[in-house]
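One chain, chain A, appears in both complexes that follow, with chain B as partner in the first and chain C in the second.
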Partner chain A sequence: MLRRATTLLTRSTIPLRARPFSTDVAETAPADSTFSDAWKKVVPHIDPPRTPLTFMKPRPVTPSSIPTKLTVNFVLPYASELSAKEVDMVIIPASTGHMGVLPGHVATIAELKPGVMSVHEGADVTKYFVSSGFAFIHANSIADIIAVEAVPLDRVDASLVQKGLAEFTQKLNSASTDLEKAEAQIGVDVHSALNSALTG
Partner chain B sequence: MSSNAAAPFWRAAGMTYITYSNICANLVRNCLKEPYKTEAISRERVHFAVSKWAEGKPEKPTIRSDTPEA
Partner chain C sequence: MAMVALRREGRRFAPLISPHPMAAVRSSIIPAEEQVPLGVRSISTQIVRNRMKSVKNIQKITKAMKMVAASKLRAIQVKAENSRGLWQPFTALLGDTPSVSVKKDVIVTISSDKGLCGGINSTSVKISKALHKLNAGPEKETKYVILGEKAKAQLIRDSKKDIELCITELQKNPLNYTQVSVIADDILKNVEFDAFRIVFNKFQSVVSFLPTVSTVLSPEIVERESEAGGKLGDLDSYEIEGGETKSEILQNLAEFQFSCVMFNAVLENACSEQGARMSAMDSSSRNAGEMLDRLTLTYNRTRQASITTELIEIISGASALEG
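So, the complex of A and B:
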């Protein structure tokens, strides 16, 4: 029964031809050598044309040791708030709760809820109120945060927030269709988040 | 593979993510302090004309705009 045990135990556990995953991007774009050779035979004095792949920057390598700083790209549809800024930590308002992102964070895609995002660089903290969006945290400690609208907290008018909260709470109570209820609920959520951002 | 996880309340009511996101953004813009509020609202203003085509010819266009017709 165990006649083949020694063979089975000593066989290599690595498959004979380890095939790379199709989702792994090559670190340097491969230049097609058969094409460039054929080109040089026909037209030796002109450089072969470049293909779209060679123009693309290859995916940055995941460093083997955790970097000391997180690189944040915070973009809005009309402006790039932070572009490749090196920071110590960002706290993002994910739909699953406020999440702190440090360098070396596991790769994550988080949907953001209306809330406060804070960027911590040394002793400085910059806070923005984000209306909604997504945060993509990559394995190489680069975070891409995209939002539709993000404002520094000092640009928010507290009286308008209170008025809006009262108005939408009232709309929620008087809503009849599912869609009206959903819109009123969104209004209540956004205004209460704004409220707690201003007071918290 | 994955069962339908509990959809967020806006998805259950038939709203798409883009509509939800735009509503949130509009609400935030309406709560801004004065110079920033007018800036934000004027930035997001849209004005476009849509015309349906019938038999190879455009019909009268409908104007969709945030600015009232001059």
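So, the complex of A and C:
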């Protein structure tokens, strides 16, 4: 029983220890060496702290031909909704309007406004209502979408949306300070976007 | 009459015999002022017994604290692992530039409010102080923003004038993104910065916590670095979708990045705190167990010595009567 316990322990610790020794460290060593060298000169007796690059998988380089699929990473603060999912197209609600992203899209940084984001994979379309956030589209056909809140459209309650819209419109009309006006305006924007998402 | 003589003899013997077992006991644990009062016949095991009771209570408390920390760790570990995807897009876009040299550095040290969690808070403070030293130079200033009581207590001693903001009682309510974004907003409003360096302990496993520093640059520095080339060089190749100007978008981006990185950092540090507390309490209960074993041996020896003393008294008393 003790022998099996030790093998169980080693089996559980080896994959954990293997993560920092993945190929990331070798690839990003030249990038971080300036920091660790400067560190060692000033504070030789303490190990330099890690930096986020060592905990990330390196991104693939831009291929010469346009790939067939778009890789989407859709992250929220409390979950990674989609991570490295290969899709055909994504429509994101940028602040300038809905924009469709296909593989080979030019590199873009887009700020999102509250609206519907749809992910098209073959014949399936998944729609989410995102509150706001950012979208980065890289040249290697990887799209990173970071939103603060996102819900699938079928979980939204229409009556509550109407109530919220009425409430915030009324607050906007009765707002006195700039701060109150801005907050009420945000509420109106989000609820009207929700409304149009549910109806349209 | 014989009993009275025996008792008188016993009393004369007791102070002669007692010092030896007393010396053995005294040398192990009991401090000098707790001597057995003279005139008492048997050696008191009361002191050792009191000690054993308190050590046993401590063991129970530390075991309970370990269980509590384990259950809290389980709850928060899920949240921390889910939030790990949040900072990766920013690092993929803007790269990681810990060696950037700026005029106004702000070091955000994340620590716990409660103690008894091993060495993680001291590690964070050590790294923060080292970063301060690393970034010291002419025309450069480095300030601290402290989250958590423990780092505040350590840093206030020698860097009091460098501390800009102190935020405590983060974990009164369960950690969530809204709370952290309010804190990030507070910091962004009140602190002038060129670069934020967020120091925290990243949770790798229950026994391993890696001190990590994440760098968030202000929009002006991002522009400067992208013009200079290097890692941020191809930032210009990105089209900016948005009605506002590029600098406004970059400003929003920097603020959003700060709140996302802070959220992940706070969660990871909370996980590390619970994990460190688990291992600290575990080793503490193990130590208490060992101490209890040693005390039990001493107790038994004391008890047997007192019995032997009584027997010797009786037997020598009896043999004195006979012969």
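Please note the rule applied: the second predicted complex is superposed on the first by the 141 of 200 C-alpha atoms of A that agree within 3 Å, B and C clash if a C-alpha of one lies under 4 Å from a C-alpha of the other, contacts with A are read in each partner's own complex, and residues count from 1 in each chain.
The criterion applied here is as follows: a residue touches a chain if its C-beta (ideal position, glycine included) is under 8 Å from a C-beta of that chain, and two chains touch if they have at least 3 such contacts.
Because the structure is predicted, anything quoted here is derived from the model rather than measured.
Novice: With the two complexes superposed on chain A, say which partner A:Ala38 touches: chain B (first), chain C (second), both, or neither.
Specialist: The answer is second: A:Ala38 touches chain C but not chain B.
Novice: Between chain B (first) and chain C (second), which does A:Val148 come into contact with in this model arrangement: first, second, both, or neither?
Specialist: both
Novice: Examine A:Gly133 and indicate which partner it touches, taking first as chain B and second as chain C; both and neither are also allowed.
Specialist: So A:Gly133 meets both chain B and chain C here.
Novice: Figure out whether A:Lys181 sits in contact with chain B (first) or chain C (second), or with both, or with neither.
Specialist: So A:Lys181 only meets chain B here.
Novice: Just to be sure I read the superposition right, which of the two partners does A:Ala107 touch: chain B = first, chain C = second, or both, or neither?
Specialist: second
Novice: If we overlay the two complexes on their shared chain A, which of chain B and chain C does A:Pro49 touch? Say first, second, both or neither.
Specialist: Touch partner of A:Pro49: chain C, not chain B.
Novice: May I ask you to decide whether A:Arg59 touches chain B, chain C, both, or neither, giving the answer as first, second, both or neither?
Specialist: second
Novice: Please indicate which partner A:Gly164 is in contact with in the superposed arrangement: first for chain B, second for chain C, both, or neither.
Specialist: First partner only.
Novice: Between chain B and chain C, point out the one touching more chain A residues.
Specialist: When the residues of chain A touched by each partner are counted, C comes out ahead.
Novice: Check the residue A:Ser83 against both partner chains and state whether it touches chain B (first), chain C (second), both, or neither.
Specialist: A:Ser83 sits against chain C, while chain B stays out of touch.
Novice: Return the residues of chain A at which the contacts from chain B and from chain C coincide.
Specialist: 78, 95, 133, 148
Novice: Please give the residue numbers of chain A that touch chain C in the complex, ascending.
Specialist: Touching chain C: residues 13, 16, 19-20, 28, 31-32, 34-35, 38-39, 42-43, 46, 49-53, 55-56, 59, 73, 75-80, 83, 94-96, 99, 106-111, 133-134, 136, 138-139, 142, 144, 146, 148 of chain A.
Novice: Hey, which residues of chain C end up touching chain A in the complex?
Specialist: It comes out as residues 79, 82-93, 95-96, 98-99, 126-127, 130, 133-134, 176-177, 199, 202, 204-205, 208, 210-215, 231, 234, 237-244, 249, 252-253, 256, 260, 263.
Novice: In the complex, go through chain B and note every residue touching chain A.
Specialist: Residue positions touching the partner: 8-10, 12-15, 20-25, 27-34, 36-37, 40, 43.
Novice: For chain A, which residues are in contact with chain B within the complex?
Specialist: The touching residues are 78, 95, 114, 129, 131-133, 148-149, 151, 155-157, 160-161, 164, 178-179, 181-183, 185-187, 190-191, 194.
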